[in-house]
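Each of the next two complexes has chain A plus one more chain, namely chain B in the first and chain C in the second.
Up next, the complex of A and B:
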């Protein structure tokens, strides 16, 4: 199957990796365009699926957490993957994963953010969520597009 | 002469210009530093905050992995954070109410379960015999035991276990005879043992109490009369506490405690929503 991002970049995804995208894997479509997901995010989401393509299944994250370190809670591949992503991008990863139905990626991202928040005072949490760079109007619009498509309004489908 | 003066004047003017330039550069550096400090102390409104552009339901998914205390701390971050938390509270109240209903059903089932079970007569007889044994002990026996500076290891172990049984906060450790002596000093020590409520023993205490099974009565008797009778008592307590009746009663107590905590949280959440 091919995924086309918001900025018109095409990504191929094989069937093994596609099985994790539960909301699109059972369709007969060959190409899907995601008007609300930019190429950077889509690339990373597909990378996650490809990391696990040879796994029978991805284990669920057990609670309570053994420790505050992501490497102690999830497997090494997942920990490596999530720690390589910019913190500000993780919310976009969650939205994209929700759209595609990749529940394990949603959980992984949420756990990572939860661990970052855990044990911190309100002041430190405030600093954590502040972006280091100013958001441009283009980025604002892109974010609105992501929100709208996450509500299922803007997926354009090509046969 | 005039030429010399002219040259000197030119040199002075050049130097003056260079100094002016240096001064200007210094002022610019100060301005940069001042601007940087201002940005750090008062972030510009064009700086973007994740709380403002990430949907609240994304945060609700994150909150699943946080405890209530942490979520309340998150509320204090900003008005927006407070709003995000408030949005999820009605759903959380609903979840707690469902949990309470399920737990109450479970309690009813457990109560029905134990209604059919009477107290095991043989166990009761064993317990009675154990209490009789402890009743034979006098204050002098306890004073004698307490006066030992370094009792045998087995005796210390048995006294540790009885202190832990009487007090869930007591920590069993090696070489804490001084702590045991404090308990032995209590005026009503024997009375506390004789009137112990077996249903108040929690699972953690029960787990520790299992150690009595590895001690033989003859071993204890050879070292101390007090240790022997207390060991017999602890063995009887362990056996009865493990019975279905007491296990179920303990489970009911734990469920009731959970329900109480959840009801308190619901009240707290309702206050916040108002």
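Up next, the complex of A and C:
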């Protein structure tokens, strides 16, 4: 199958990796366009699916947590995958994973956010939520327009 | 030698009550006892710290330190003549006004650099749908949930969602009222009594002897002997039936505090002997202090001291449930130090706390009532209701408490104990979740 991102870049996926994308795998389509997902993020979501291509099933995360490190709670591959992502992009990854229907990615990212919040004062959490990249007002407006137009048509199907 | 001084009138001292009397007197004398100039100077000085700056400025204007050191009003005339040559009063007042301007400028700069509050459009994290925030908050422990709630308005709205808020209070109530399984590795505080029971069975009450043969658990035998079978011990599942929501349970149910100590001051009267050629005997009032810390296991430690303990000593003695070993003291002092400690078990019965402690051949039992005094901190006062004592070889129990005197413990919260609630060795993880 082929996925097309917001920036008109195409990505190819195997049928093995598609088994985790529950909302998309049952259909018999070949090309799907996602107008609400950026190319950088689509690339990483597909990378996650290809990591777990050969695994039979991903184990669920148990509560309570044993420690404050991700490497003690989750697999080594998953921990490496998540620590390589910027904290500001995780919210976009969650949105992309919802569209595709990957529940384990959503749980993973929520665990990562919860571990960062845990044990900190409210002032430090404010610094985490703030956007660190200095964007100009024009770029903000451009991105907001794209997102608003894409809310109406998230998925477009081309046969 | 003191000279006759023109004292500052009382009106001035009352208006400027913040300032030091001697400093005002010094200024009054330097300014030739002119009240108008004094007022002009003092209105420009808004804080007592600026008077010290004034005095430092006079130092830097090439004055001899010996003159300033003679602040005993012995050589004031020379000082005044010396100052008149160098300093004009207008310059003094101008310099003071400049100081105030600098402070006002700094205040204005601080007002401009206020932090902008977080707006929803700034962070994409806050734009996520609420069911994802639900997932994140499921993973958090109650303390970090509370700090997360205080970040901004949107997080507070998400928290007030009944699904999350109910789970939050449920976690707290479980941590406070649920029973924890005691690990078998921990030594129970009744081992000493166990030895004496097994060695001197013929001296004990007949009930204890029989019960001890059936079950060799000394804590259970003692509770069966000292407690009533009809008492209802606090249980989380029973409380759940009484209250409609977990928030009501958290607000209304009386509870003990584990992150600090309870302290009480007591006294007893001691009668002495009359000396030679005295008709009456002296009597003394002896004050002493008691400190208790309750642990989540069901045990407690009490320390009895004649002096009031400092904060560091409290942290040393009550950091761990075992009795503290202080290597600075020698062996003899360590033995005396250990005798001041009492280790025992407690149980909560609706409003009251039943406490039993054993030391060598005596057992003490007290009943305290939990109260929320002045709505400062829930469970911050323990009223002493009754107390009994039993020694080896006796067939009776002795009452220790006089109900005429109302004695109470007061709670003191210490932040240094909070980290131990997350410790692994003592099994405090159950408190967090």
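Here, the second predicted complex is superposed on the first by the 140 of 159 C-alpha atoms of A that agree within 3 Å, B and C clash if a C-alpha of one lies under 4 Å from a C-alpha of the other, contacts with A are read in each partner's own complex, and residues count from 1 in each chain.
Here is the rule we go by: a contact is a pair of C-beta atoms (placed from the backbone, for glycine too) under 8 Å apart; a residue touches a chain by one contact, two chains touch by 3 or more.
Note that this is a predicted model, so its numbers are computed, not measured.
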{"item": "Simultaneous placement of chain C and chain B on chain A, clash or fit", "value": "clash"}
{"item": "Which superposed partner A:9 touches (first chain B, second chain C, both, neither)", "value": "neither"}
{"item": "Selected from 8-16, 206-214 or 314-322: the stretch of chain C that, after superposition, runs into chain B", "value": "206-214"}
{"item": "Intersection of the chain A residues that touch chain B with those that touch chain C", "value": "63, 65, 88, 91, 94-95, 106, 110-111, 113-114, 117-122, 125-126, 129-131, 140"}
{"item": "Contacting residues of chain C [partner chain A, same complex]", "value": "118, 121-128, 132, 135-141, 144, 147-148, 150-152, 429, 432-433"}
{"item": "Parts of chain A lying in touch with chain C, wherever the complex brings them together", "value": "63-65, 88, 90-92, 94-95, 106-107, 110-111, 113-114, 117-122, 125-126, 129-131, 140, 144"}
{"item": "Residues of chain A that touch chain B when the two form their complex", "value": "63, 65, 88, 91, 94-95, 106, 110-111, 113-115, 117-122, 125-126, 129-131, 133-135, 140, 143, 147, 150"}
{"item": "Footprint of chain A on chain B - complex, ascending", "value": "43-44, 46-51, 53-55, 58, 61-66, 70, 73-74, 76-78, 81"}
